[in-house]
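What follows is a pair of complexes built around chain A, which joins chain B in one and chain C in the other.
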Partner chain A sequence: MVILTAETVFATGFLGVARQLVPVAGTAAWISCFLGAAVGLLVAWLAGLLAQRFPDQNLVRMAEGIFTAPVGKGIGITFTAYCTFILAIGSRQFVLAIWIPFLQNTSPVLISAVFFLLIVYAAYLGIESIARVSLLFFTVVASSLVLLIWLAVPVSVPARLLPLGGLGTVPVLKASLLASSYAGECIVALAFIRHLKDKRGAARAIGTGAVIGMAVMALATGIGVMMLGTRGISRATFPALETARMVGVGEFLERAEILFLALWFSVALLKLAAVFYASVTSAADVLNLRDYRPLIIPYAILATVLSQIPRTDVETFASVRWFLTYTPWYAAALPALLLLGAMAGGLRGGGDRSGTDRREAR
Partner chain B sequence: MRLLRRLVRGEPRRPRMILGRPPLPLEEVADGIGTAGSGALPPDSPIPDTLDRVEQRLGDLLGGGSPDVILRRLVIWTNPEIDGLLFYIEGLASRDVVNLVALRSVMLAERVPRMDAAALSRDNIASTFMTHLVPSGQISVLSCMDRIVEQVLTGEAALFIEGARQCVVFEAKGWEHRGIEEPHTEKVVRGPREGFSELLRANTALVRRRLRTPDLRMDSMKVGRRSRTDIVLAYIDGLANPRLVATVRERIDHIDTDILPDSGFIEEFIEDYPYSPFPQIQYTERPDRFCAGLSEGLVGIIVDGSPMALLAPGNLASFFQSPEDYYERFPYGGPLRALRYAAGVTALIFPALYVAVSLFHQEMLPTKLALAIAGSHMPVPFPALVEALLMEVALELIRESSIRLPDPVGQTMGFVGALLLGDAAVSAGLVSPIMVIVVAVTGLASFTIPHYPTGLAIRLLRFPLLFLSAWLGLFGLMAGLMAIALHLGALTSFGVPYLEPLMKPRSALRDVIWRSPVFTFSKRPEYAEPLDQARQKKFIRTWDPGVAKMAREAGDAPDQTGSGALGRSEDKGGSGDEKG
Partner chain C sequence: MERIDGKRADARGRATSAVVLLVLLLLASVSICGCTDAREIESVGFILGLGIDIADGGRVRIWVQTAVPSSKPEEAERQPAWTTSSEGESVWDAMRKLNSRSAKALFRGHIRVLVFSEKYARGGIARALDVLARDGDFRYKSWVVVTSDPIERLFAVQAEHETVASLHVNDIMLSATRSSTAPLSRFMDLITSLEQPGDQPLLARVSLVKSEPASGESEAGQGANAGQDGASGQECVEISGSAAFHDDKMVGWLDPEQTAAVLMMRNRLRDYSFTHRMPGREGGTVGVSLSGVRAAIEFPAQASTDPDALRGAEVRIRVRGGVDIREVNSGQQAMNRQSLDELASRLSRQIEENLAQLIHTAQHVLGSDIIGIGETVRRRVPSRVWDREVSPTWHDTFKTLKIVPDVSVEVVKRGMTTSSPVPER
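Coming up: the complex of A and B.
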């Protein structure tokens, strides 16, 4: 759960996080990432409390139990919509990162289609398969990040991180609000909590994952600033990719950014597969379906189409900005609302398992 | 349209013709499979009253013209005179054993005791003879004809007695067989040279010789309606998880097939995902490896007639392990195993990586190397993908042909084929020298994988990765790898996740990707959920003062104190091992 949550937090966002935060907070953007992690910790704490109250239920069943069935379904629909947004924007960002510098002769729609084909396959196999592969690839990606830092140190200029306070306290706090949206994506873990063996450890697992994810974001931002400077970052489409472009492995691999991107692609795919799984299982619960699998193909088509709506990279980044501005509130409010409702009703969930759960259990 | 009409009308689908031969009606096929031929016996068929009828019945059952079916009349008692009929299969039963056990002892009346002839009846005469006349270790009295025939077809001999309701069946197995030889597929530089053979009893003996615990269980089973192949399910009681044992047994019980020529059949019948390219059950022809598996709580399957024993469950890591990893000292075992993993990845992706870089991402390479690749590719009329496919197919052809040929010729064929073909292909301008190097390195890397089917899976998956790389560059290669990884993530072997040992970083570094010293293996691998986790004491080398100190600190008092060999003093400090 730790790795899955960490990947959910950083896997698609860290390519462009510096571009979003540096113009707001300046050189202190990396500090904003750590401040933003507070929302992740809050969500983790609330999710942990919910998991203890409703150990064997997923989000929609929890909401239906706490409120009424129609309200619960409404909450399920908002959660599905939230996940769909992450899916569409996240996949679009990554497709652009692959398409613009490396595969300009290939249609981005085709790249999206391949992306979603893999996501569909992963969702079909289930969350356990995604989690296992996440564990493997997280090690690889973490090693790649360590390698990137190691290679970046000789060519970076640490003085570019000065002044440490950036553009001031208020801008840093504003940027941390944007960053908290990334941390808030750990709310997706609500869809997987019932798979945890130890429900009491849910808060710690999600919280740790969120902090690890935001630490990666902070690292990507800090290294980006040291390598490119604040001006360079505001000009770069994907600062993390630009950073990777500036390092070389001895005199053998001169431009290794495609290798790094290929590795990062793996975690991005796993994150989007997890989000896809969360949304499709929630949609199945809203529709009272015993099995989520019939929804996979229609939902994948819908998500592919939605991911094509922002046509240019400018439109894509505008959508990302919109998402970052408005969704932290949703991420924090959803578990808080459920918890308050449960406390008001004095509810404590039993072992009622939804149709999707039963299918998964088989 | 025809299919649609048939579906609408509800007509049954007509069976397809195979190679022009009209298929049998389903009923006939079912009858043919369900019985043991025209002479099949009903269950519990009794022994006929007279030897003539017995002879006639056996003739009906086994065909009168079979020269290897021996039915020999003899007088087994003279006062009163009692006739007997010895029945065995020549070639399966040892002539020496039959002569010694039956003919000499019965006909020459050696050691024939005095018996009260009047006390003999149809019901007890066989058991009397069994007790007094036939000096054999494994001997039984059977009254059911089909059981008798079944036993004789496994190499035993049967002695029918005139008028008796029962028959004496005794052990006489003695067919020609291959001796115990060095394993052909799992050779080691250091380690035992014994390998399983086709003889079930020899194989079980090899296992017993290594595992002398009374807890070793070898449950006998039979599979194959016609072949009636003997199978032994081996496990250590109190160590192997009973659920795993029950699952393996249940799956074998479900096998309903005609013949079972090899353990490979069992593997396909019982594995979780038969359509996956990855093997899910380990096989080995090394008794030492088999025993090591049993001691880790795995369940073994030995099939009569197959030198390959199975171990369940399997996982990806187990297919990259070689017994030699443990026989050599750990400073060599660890790096060699890590090298094998690296070789596995190389074998899978190297040609695809080359195609992706040369077609899509030339900017990655240093200018000199990029120019060298471009220059070498200049005279080649094909794109890199076709070039790679040509060489890969050629490599596979050489490999297959060298396997099928006799050993010395096969090796020569491999070398000559690879050298000549590569050189000729480069001279003819069909492939670039760099592609020859890439394919050669790939081939060498694939040879390092100790488990042959895993190597086959990697060879097979290399081709789709090549196509994906040629289509979408590194992105395509990564997409293919992710699909493979997701598939591996979903695979299980008897419910155990295929990637399980790799999921736990500590154990992965101890004995999966790396190999730590054997004295640190205090616990067994967890993936098979053995009932007894402890393999050995945590601190064994307590003669080492450093280890002894650690053991004392951990509350595990050492058995021996004082200096070690060669007068090593207490205050010299330990080597720091056994920390794990």
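Coming up: the complex of A and C.
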């Protein structure tokens, strides 16, 4: 759960997080990533309390139990819609990161199709397989980041992070609100909580994952500023890729960014597979389906089409702004609303296994 | 019970197979490199050098040196590179026109050197950087140099060991930046210093020099930074000093000593050697190299809180480091501590004079903060203060500063002998 949450938080966002935060916070953008992790911790705490109250129920059943069935389904639809949105813009961002610098003449629809084929296969295998593969690839990606830092040392200027306070306290707090959107993505973990054996550890697992994810974001932002300065990183389309472009091993290993992107591509796929799984299982619960698998293909087609809606890079980045504006509020409000409702009604769920839960239990 | 265990084992086996298959698919996806836009290597023209100059009427003229690979031994004698030029409204426009004339798709991913003519550089290089920064193929590690010589002649030089001029410039830039006679001027250094508030770019200067009349093959091209005799026996390439910029416009040339002085004050000096003339009747020279030199720029404490206090303030540049003695051609052998201290003191004064002369040039001749004092100020004052109060007038403030170099070096090593081997008299 820790690794799955960490990947959900950083795997697509870290490509462009510096471009969003540095213009607001200046040299202190990396600090705002850590401050933004607070929202992740809040979501984790609320999710943990929910998991303890309703240990064997999924999000939709919880909501139906706390409120009424129609309201519960409505909440489930918002969760599905949110997951679909981050799936669409997350995949679109990564497709752009491959299309703009490398496969310039390849159709982005083709790249998206490859993305979604793998996502569909992972979703068929289920969350356990995604989590296991995530564990393997997280180590590889963490190693790639360590390698990137090591290669960046000769070309980075740590003094570019000065002054530490950046553009001031208020701008840093504003940037941390933006950063909290990425931390808030850990809300997706609500769809996986029921698979945990020990629900008491849910809050700690999600919180740790969110903090690890945001630490990766802070690292990507800090290194970017050290290498390109605040102006350079603010204009880069994909700051993390731009950073990777600047490193190399002597004169013999050039264009190292392709190797890094290949590894990041894998972990982004796993994140998007997890988000896809979350949205498709929630949709199945809303529709009272016993098995989510019949929904996979139609949903994949829908997600592929949705990911093509922002046709240009400008439109894609405008969509990211929506994500940055609304995610922290939704991520904090959803579990808070459920928890308040449960507390008000004095509800505590038992072993009610229904919907996709029943199928998983079989 | 056994049946249940068997079922569990089967389920676990299936799950493991699925995970393995997913891992393999993910790894395989990395190799999906998109054959739809694949290009055969024979149809690609690999650009090794790109020159940018101003043509008549203010148009841009580009020079492109492209590799001509030989696949068969009998083709090895053929010319290894091909140089051509094109004109346009901008670099991109000229490149586009060149593409339409070329049978091969011109690929910018292997550009080793980007050469600006002095005329173009004085007019501002930012207009040429946009097209390269947008290009995902262009290498950030390409060298960027400025020349006052015709670019077509520069690209025509053939050295003895490297017949392609662009690759030759790449090789000698590696050597020149190690010895700090030229700044580290890769594309990434250029754009980061151009965009960094308070910093100014410094690009290496590449020149054509007449080669010494060779009396034999072995005597040709002795200089460390000099290219060897051209095939024509006329010209060779030399990296000597640098071009100083203010924002994106070139404002003047710096010789190798001045370049080393700038690099020293910006803490970018890697290795630098010079000769010191000994005073007194015995005279002679001492050859030294600097090591571990660190410079610290010190402001009055008030300047951090009150930006107005910067105007006319005294800024002290404290340089500390070590000196290795490489050669002594003097009767004064620096055998004891006192004479070593005296030598270190004289070397410190010599470096100090060089720095003072460079500071004067920067403030009153070039009018550009090539020393990077502005960048030091930016780090110390709040970003908002820098952006609103200091940055807009920094160019003028810099000229009013009283910059005082304060150098102190000590002799660290004397080599494998403490005195010169001399015959007994």
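In this section, the second predicted complex is superposed on the first by the 360 of 362 C-alpha atoms of A that agree within 3 Å, B and C clash if a C-alpha of one lies under 4 Å from a C-alpha of the other, contacts with A are read in each partner's own complex, and residues count from 1 in each chain.
Following the convention adopted for this analysis, a residue touches a chain if its C-beta (ideal position, glycine included) is under 8 Å from a C-beta of that chain, and two chains touch if they have at least 3 such contacts.
Since the structure is predicted, the reported quantities are computational estimates derived from the model, not experimental observations.
K.L.:
Taking chain A as the common reference for superposition, should the pair chain B and chain C be classed as clashing or as fitting?
P.N.:
Clash.
K.L.:
Which of the two partners, first being chain B and second being chain C, lies in contact with A:F265: first, second, both, or neither?
P.N.:
In the superposed model, A:F265 contacts both chain B and chain C.
K.L.:
Of the two partners chain B and chain C, which one touches more residues belonging to chain A?
P.N.:
C
K.L.:
Report for A:F102: first if it touches chain B alone, second if chain C alone, otherwise both or neither.
P.N.:
both
K.L.:
Given the touch rule stated above, what does A:F137 touch, chain B (first), chain C (second), both, or neither?
P.N.:
A:F137 sits against chain B and chain C alike.
K.L.:
Touch test for A:G26: chain B only (first), chain C only (second), both, or neither?
P.N.:
second
K.L.:
Touch check for A:L162: first (chain B), second (chain C), both, or neither?
P.N.:
Once the two structures are laid over each other on A, A:L162 reaches chain C alone.
K.L.:
Would you sort A:M227 into first (chain B), second (chain C), both or neither based on which partner it touches?
P.N.:
Once the two structures are laid over each other on A, A:M227 reaches chain C alone.
K.L.:
So in the superposed three-chain picture, is A:A256 touching just chain B, just chain C, both, or none of them (first/second/both/neither)?
P.N.:
The answer is first: A:A256 touches chain B but not chain C.
K.L.:
Given 472-480, 526-534 or 544-552, which one is the stretch of chain B whose C-alpha atoms run into chain C?
P.N.:
With the two structures superposed, the offending stretch of chain B is 472-480.
K.L.:
Which parts of chain A are in contact with chain B and also with chain C?
P.N.:
Dual-contact residues (chain A): 102-103, 106, 111, 114, 118, 121-122, 125, 128-130, 132-133, 136-137, 251, 254-255, 262-263, 265-266, 269-270.
K.L.:
Show me the residue ranges of chain A that touch chain B in the complex, using the header's touch definition.
P.N.:
Counting only chain A, the residues touching chain B are 98, 102-103, 106, 111, 114-115, 118, 121-122, 125-126, 128-133, 135-137, 139, 251-256, 258-259, 261-263, 265-266, 269-270, 273.
K.L.:
If you look only at chain B, which of its residues touch chain A in the complex?
P.N.:
360-361, 363-367, 472-479, 481-483, 485-490, 497, 499, 502-503, 505
K.L.:
Which positions of chain C touch chain A when the two form their complex?
P.N.:
15, 18-19, 22-23, 25-27, 29-30, 32-34, 36-37, 109, 136-137, 139-141, 174, 188, 191-192, 195-197, 375, 378-384
K.L.:
Per the contact definition, I'd like the list of chain A residues that touch chain C in the complex.
P.N.:
26-27, 100-107, 110-111, 114, 118, 121-122, 125, 128-130, 132-133, 136-137, 155, 157, 159-160, 162-163, 165-168, 227-229, 231-232, 245-246, 248, 251, 254-255, 262-263, 265-266, 269-270
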